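The block underneath contains the structure these notes are about, expressed in structure tokens.
Each chain gets a letter, A, B, C, D and E, in the order it is written, and its residues are counted from 1.
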Amino acid sequence: MSVNLKQGPFEPLIIAFCCNWCSYAGGDLAGTGRMTYPANVRVIRVPCSSCVSSNFILRAFQRGADGVVVAGCHPGDCHYTSGNYFARRRFLLLQRFLEFLGMEPERFQVHWISASEGNRFAAVMTETTEKIRALGPNRKLRDTR
Amino acid sequence: MKITRDNLCSSIVKEIAEISGENVAGCYQCGKCTAACPVNTVMDILPHQVLRFLQLGLVEALLNCNTIWICASCFTCAGRCPRGVDLPGIMEALRLILLRKRGFSRIKAGVIPRVADKGMPEQALVSAFRKYTR
Amino acid sequence: MKRIGVFVCWCGTNIANTVNIEAVTEAAGKMPGVVYAGNYKYMCSEIGQSKIKSAIIREKLDRFVVASCSPRMHESTFRKTAAAAGLNPYLVEIANIREHCSWVHKNKGEATAKAIALIRAAVAKAARDKELWATQIPVEHRALVIGGGIGGIQAALDIADAGFEVDLVERTPSIGGHMAQLDKTFPTLDCSACILTPKMGEAASHPKITLYTYSEVEKVDGYVGNFEATIRKKARSVDLEKCTGCGICWEKCPSRVKSEFDEALSMRKAIYIPFPQAVPNVPVIDRASCRWFTREKCGICRKTCPAGAVNFDQEDEVLQKKYGAIVVATGFDVLDLDDFGEYSYGKHPDVLTSLEFERILNSSGPTGGRLLRPSNQSPPKNVVFIQCVGSRDKSRGKPYCSKICCMYSAKHVILFKEKYPEAQAYVFYIDIRTAGKDFEEFHRRAVEEYGALYLKGSAGKVFPDGDKLLVKGVDSLSGHALEIEADMVVLATAIKAKSDAPQLARLLGISTDTHAFFMEAHPKLRPVEAHTAGIFLAGACQGPKDIPETVSQASGAAAKAIVLLSKENLLSDPCVSEVNESLCTGCLACIKVCPYSAITEKTIEEKIHGKALQRRVAEVNVALCQGCGSCTVSCRPGAVNLKGFTNEQIMAEVDAICL
Amino acid sequence: MKKITKEKLALFWELLARRATLYLPLQEDGVVNFAPWKNGARVNLRENSLVPPKNVFFPQAETYLRFQTGAKKLQLESLEPEEEFILFGVRPCDVASFTILDKVFLEEPVDGLYAKRRRLGTLVSLGCNEPGETCFCTSFELEPAFAPGADVMVWDMGEFLLWEAQSEKGDELTAKINELLDEAAPEESASALSLRNTTAAGEAAAGCQQEWNTAGLQEVLRGKFNVELWEKLYHRCLGCGICTYLCPTCHCFDIQDFSRGLEGERFRCWDSCMFAEFTLMASGENPRPTQKERVRQRFLHKLLYFPSKYGLYACVGCGRCVRKCPVHLDITQVMEPIK
Amino acid sequence: MKQLSERIKEAAFGSLSSGQVEMVIGWQKGPLWWQSFPAFITDPGETASLIWDPFSVSNLNKYLLNEVPKKKIALFLKGCDALGFNQLLRDGRVEREKVLLFGIPCDGLVDPARVEATGLSKGLLQVKKEREELVFYYKEGQRKAPARDFYYSKCLSCRYPNPVTCDEMLGEAVPCQPLERFANVSKLEAASLEERFTYWSRHFSRCIRCFACRNVCPACSCRECIFDIAEPRWLGKAKESGETLFYHITRAYHVAGRCVDCGECARICPLGIPLAELNRKFIKDINELYGEYDAGADLDKEAPLLTFKSDDPDVSA
């Protein structure tokens, strides 16, 4: 079994957890508007950004993600009113903690993208992919098997 | 500055309303008159301020300003006023009070040759005299 | 082993142009658990769906994945397809290879690889799908309305008219609320009492409405469709049945106390009705000021009551009632002006709040409608109205706009000028906000017809000057600092939430905003619902409102309640959280993060090493849970899982998508 | 007997490491553990390692099978260690622990992975000059400064190390590095013997307070499965794995799979009888439901079950558990009341 | 300390013999100078064996999770233990009315490693504390040294030397002179990303997953830990750096906002991994971002991860 680092020029793998009501819909809108962003991004749909456990984020890194994005409704706009406020605290602490352990902070990002922000969705995904491409493959949490 | 009902409803305020036929209370100070006025840059009290002064009963300040004389009665302000206030009419009322009641003359025949250029139509001079003198 | 089917949709050329359908179908066929993979031009079409149905039967599929457009588009379609083929509809997963793939990527190789990854994740998730069933929750066909102001009255009437029983609980001795205190209403200048009292009477006599005045809700348990409320009927000391409302008792009563209804501008008796049109027209004894109760002397009311209705021994009565829906219409309070010393409020009798002014204007008020200066009973010639007292003031007051002050100040100007045409009204305002039908016109009338001088700016100081009040203010339009000699000053005091709103919120399990107004479930789309299912909001308890808004929100809340009450059973979305009790430690962190108060604690008994032990665990109320999943993350051992999005499922998706 | 002066050690490590992977007690952040030597590593020959060197023969986790599942066929590939290595600086107690592990892993059915590693490794033992505070190897009739099971025996004599091959493998290794070894003078060789004698004279004599009379312990413990002592003893156990993971003789393991899509690998990894899930069955049943049963198991396994089966105690008196148990469940003490 | 020791015996005897409690949890002494360990006593006659000495470091309150008393259990709490007790209380893991708490003011405890580092341990028989000094007893005689020189570093930065909760205080309150507790965190924060990664990788590479750090932690009180659960298996058992990192991130994250900073995780780690610094990073960040919060002490405040403010700092990059 390989270490899952593909041959050829480095193509980052970005896993994006998107809340169903805003960011996933924003992603849909990016599609309907035929905007483009790199195919490196793969989206997992969750009901709310507050439903994204650090376990999933770390798991993605272990299993080969070079970057992880969590996207949710803008603060104040949560479909469930308060979910993203809790998420905001959880993720800010996690982000700073990962940085403390020596992970590049760019690898774990949180963005607020509304259902109407298809362009923002595409822009965030493009930007993130480019940033991570520049950083190179993540080896720090990755399972070496 | 003290504001009293007497000032607000002084006879001169009533007279202005009577001459112009306008209720200055109609103005809500959006400032469109001033914004539209082609000569606002040379006025010392701006058109909307004229109305505000009247709402506050501050007539004397208006009788001493240059605005009422600079106003050419082009009616741009009146045409654009969302409240339908006839500001040129009020300007006219202020002028009339000065001219009729106080014997004020804005221009005197003696200065005309100096200020008028040669091409000025006589009709303009005549109407200026009608407008600016007793 | 699972038997998973994968159906790849071309979406005409929408997907097929960018994604290599054949390659994707082939790859899908090799995924773990997949026993069939096929593709078709339009999966969502009748033919497409029948292909799925026949494959389910032919291949004995026990779940399937559709790789197509966004699940937000056709998830429900394919769930129905599953149901039609005899599969539980929650055994379907969608891989979004259109919006999230073919439409946003240009390179066919990349898009194909990504489509495969997305399908792999969906397959991994589907393999862990479980059959889910909506639960049925019976509905108690009765409503509780808390608050007997115009909002509560309207909601109660609407619900009752729809044929459901309503209990209307009001804390004070009479229904009517603030509206009963008002003289006229803007912008029509209808007499407030004239339009309110018929409604009060209607509520009192409605066969489906039970009034509980002088009563309070003490406890609410249960959940949507099945609330159980504890109502305390405070001892009125007067028998509701026997009393005829003749009024002899309060005429004879020797104790005088400041009238709450008249904003302390008049005196009432210890046995009293708050105002002449009170409903019910039955007095209460205010035991704190009654001589019988404080000194055990007197008893005049009991002696004089021709009906023998006075009963000093009456005790509080506590009722337990069941309800399917609750409408909260508890109204508002007026801001306390202790922090606004510059207005001399409380120091000079001629400085009044708008509500006090309203009482003075009112013909049934303390002055019998004669508008006179409280200090010397002379007619006022100059009255200064100051708006935004405490509103839009983030340092000493409330940062929000109280919304009704611009309009009632205009109304006050007009009423004042109607009484004293020769007098002058001055209004200090910061902005004039007259959004409402006929509102701007009404305001302009105050300015233009009634000659009120509106001064843009605020008053900085109000202080006595002889027998007058000197108001120092500014007209920021002309840039003049002003002084006005006034006979009266009326302060448009900010509206605030009821001071005990947070307690009520806790009791109901709903939330309040930063200003203690009750929070609506969604500011735009669910403005009359509270977060907690089955609880609805009406009127100023949710934020400052005028009468028509209150009435319409009350009708909206009533309509929502009626929708709920008219159902025999509620069907709940099965994608809700569930607690694995054996893993649950009972830390109850989940309760703290649940926006819907859907999680409660319960005690379970279990045998550990032969000993029966009791311990607390979390319990999800499926009727209240909306499926956000916030609780799942707050649970460290993962004892709480969101059905349809379990930890195991998301983890499997992560593993699969990262391959 | 040979010797090597300490100045030459750096060169010596380099030479050894060129022959095979060289495991040495290396110090990092104040902790000494056996690890492959690399240039610049800090070798500590004074202290015994914290984690016993059993992990060189029996790693904490080792993959031994790779698999690939397709739609129909299953492909398997076995893995086994290939690399020769030298394990230098193992204390005699830890060398004795290999004898115990050998009983478990080398008797039928033979554990191929362990057996292969035993074949691939050359064991160089370093005698102890002075017992540690928690040492009690003499309680098990071991010699602090002599390890019969080692391929080479080494003694630290201050300025130099004495080197004596004790097996064929030891001779081979000696031959390979002969260039750096000098012949020891007779009186130098004799000093090794005197060191053996002084240390063997008893740890008590050398200032050690841990002396544990294990005579007849096995007999005493027989039939003590249900005594009340266990009821009292287990309370303070935190249920962590320190004692078992730091024990040179503990050898329990678990088998786990790791998979990534259709590919995967199977590995074995240390497990600890102190953990609740060690005996947890898939049904949810747990035959050792509380820490009491687990603590009892650990002590009885070492001192009763193992000796009953193999004829020797599964404890070598290295003192690691005594030193590191956070609640001082000291094996030398807790058995006293039973006696 | 002698006095305190006596008071502990008295308190234990009193509460057991009066029938007020059915078990007392305290400390007993082993044969070696540093061996002080938790003791569980049900017989009043055995209370004389209880001790209090500079090595009574074990936190006793977590044992409450295993015991199911019919009546009450009495136990002794130091300042740090009291914080942990409150956290267990908050997590609903102990019932207040089932315990009788004796508070012990504690100005610091001795780290045997520091004694060893000075060479004082050779032939050492006993260590006693006399006022501000430690007295080291040997066969040949005794030596003295300032006590604070030998304290655990966690004790030197202790901010709650006196228990914040108890039913009865044994002994006088001691002064609190904590050293800056975030010094190491700040130092690491100032280092480069790679330096930090190397630092933590080196430390984590030693981890043997004995779970002692978890088992000793008063904030880790789950009935079944996420790391032990087989389905789904979050933490594999391989010796993989990624998994070890997952373990340490998750352990620290799970106690974020709940860690009482007692430092037991770092003290207990047999491999010397500075685990408390991970917890302190969270504490420091929480204090900076959401306002000072002392888990176990600030009982009127909501735990920082279970609440929010609408104007919290944003996480968006």
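Here is the rule we use: a residue touches a chain if its C-beta (ideal position, glycine included) is under 8 Å from a C-beta of that chain, and two chains touch if they have at least 3 such contacts.
Here the structure is a predicted model, which is why all the values come from computation and not from measurement.
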Shared chain contacts [chain C and chain E, defined touch]: A, D
Chain C and chain A - chains in contact with each: D, E
Closest chain to global C-alpha mean, per-chain Cα centroids: A
Chain whose average C-alpha position is farthest from chain D's own: B
Pair joined by more contacting C-beta pairs (A-D or D-E): D-E
Mean-CA-position distance for chain D and chain C (Å): 69
Interchain centroid distance [CA atoms averaged], chain B/chain E, Å: 86
Averaged-CA centre spacing for the pair chain E and chain A, given as whole angstrom: 37
Chain E: positions in contact with at least two other chains: 226, 234, 238, 240, 305-306, 310
Interface hub residues of chain C, defined as touching at least two other chains: 593, 634, 638, 647, 651, 655, 659
Junction residues of chain D, two or more chains touched: 63, 258, 260, 290
Those chain pairs that satisfy the touch definition: A-C, A-D, A-E, B-C, C-D, C-E, D-E
Touch list for chain C against partner chain A, complex: 70-73, 96, 98-101, 103-107, 110-111, 113-114, 117-118, 121, 511, 519, 521-522, 531, 575, 593, 595-596, 626-630, 632-634, 638, 642, 645, 647, 650-651, 653-655, 657-659
Touch list for chain D against partner chain A, complex: 63, 66, 258, 260, 263-265
Chain C-facing residues of chain D, complex: 69-71, 260-262, 289-290
Chain C residues touching chain B - in the complex, by the definition given at the top: 381-382, 423-424, 426, 432, 444, 447-448, 451, 453, 456, 475, 477-478, 480-485
Chain E contact footprint on chain A (complex, rising order): 54-55, 58-59, 61-62, 75-76, 82, 85-86, 88-106, 109-112, 140-145
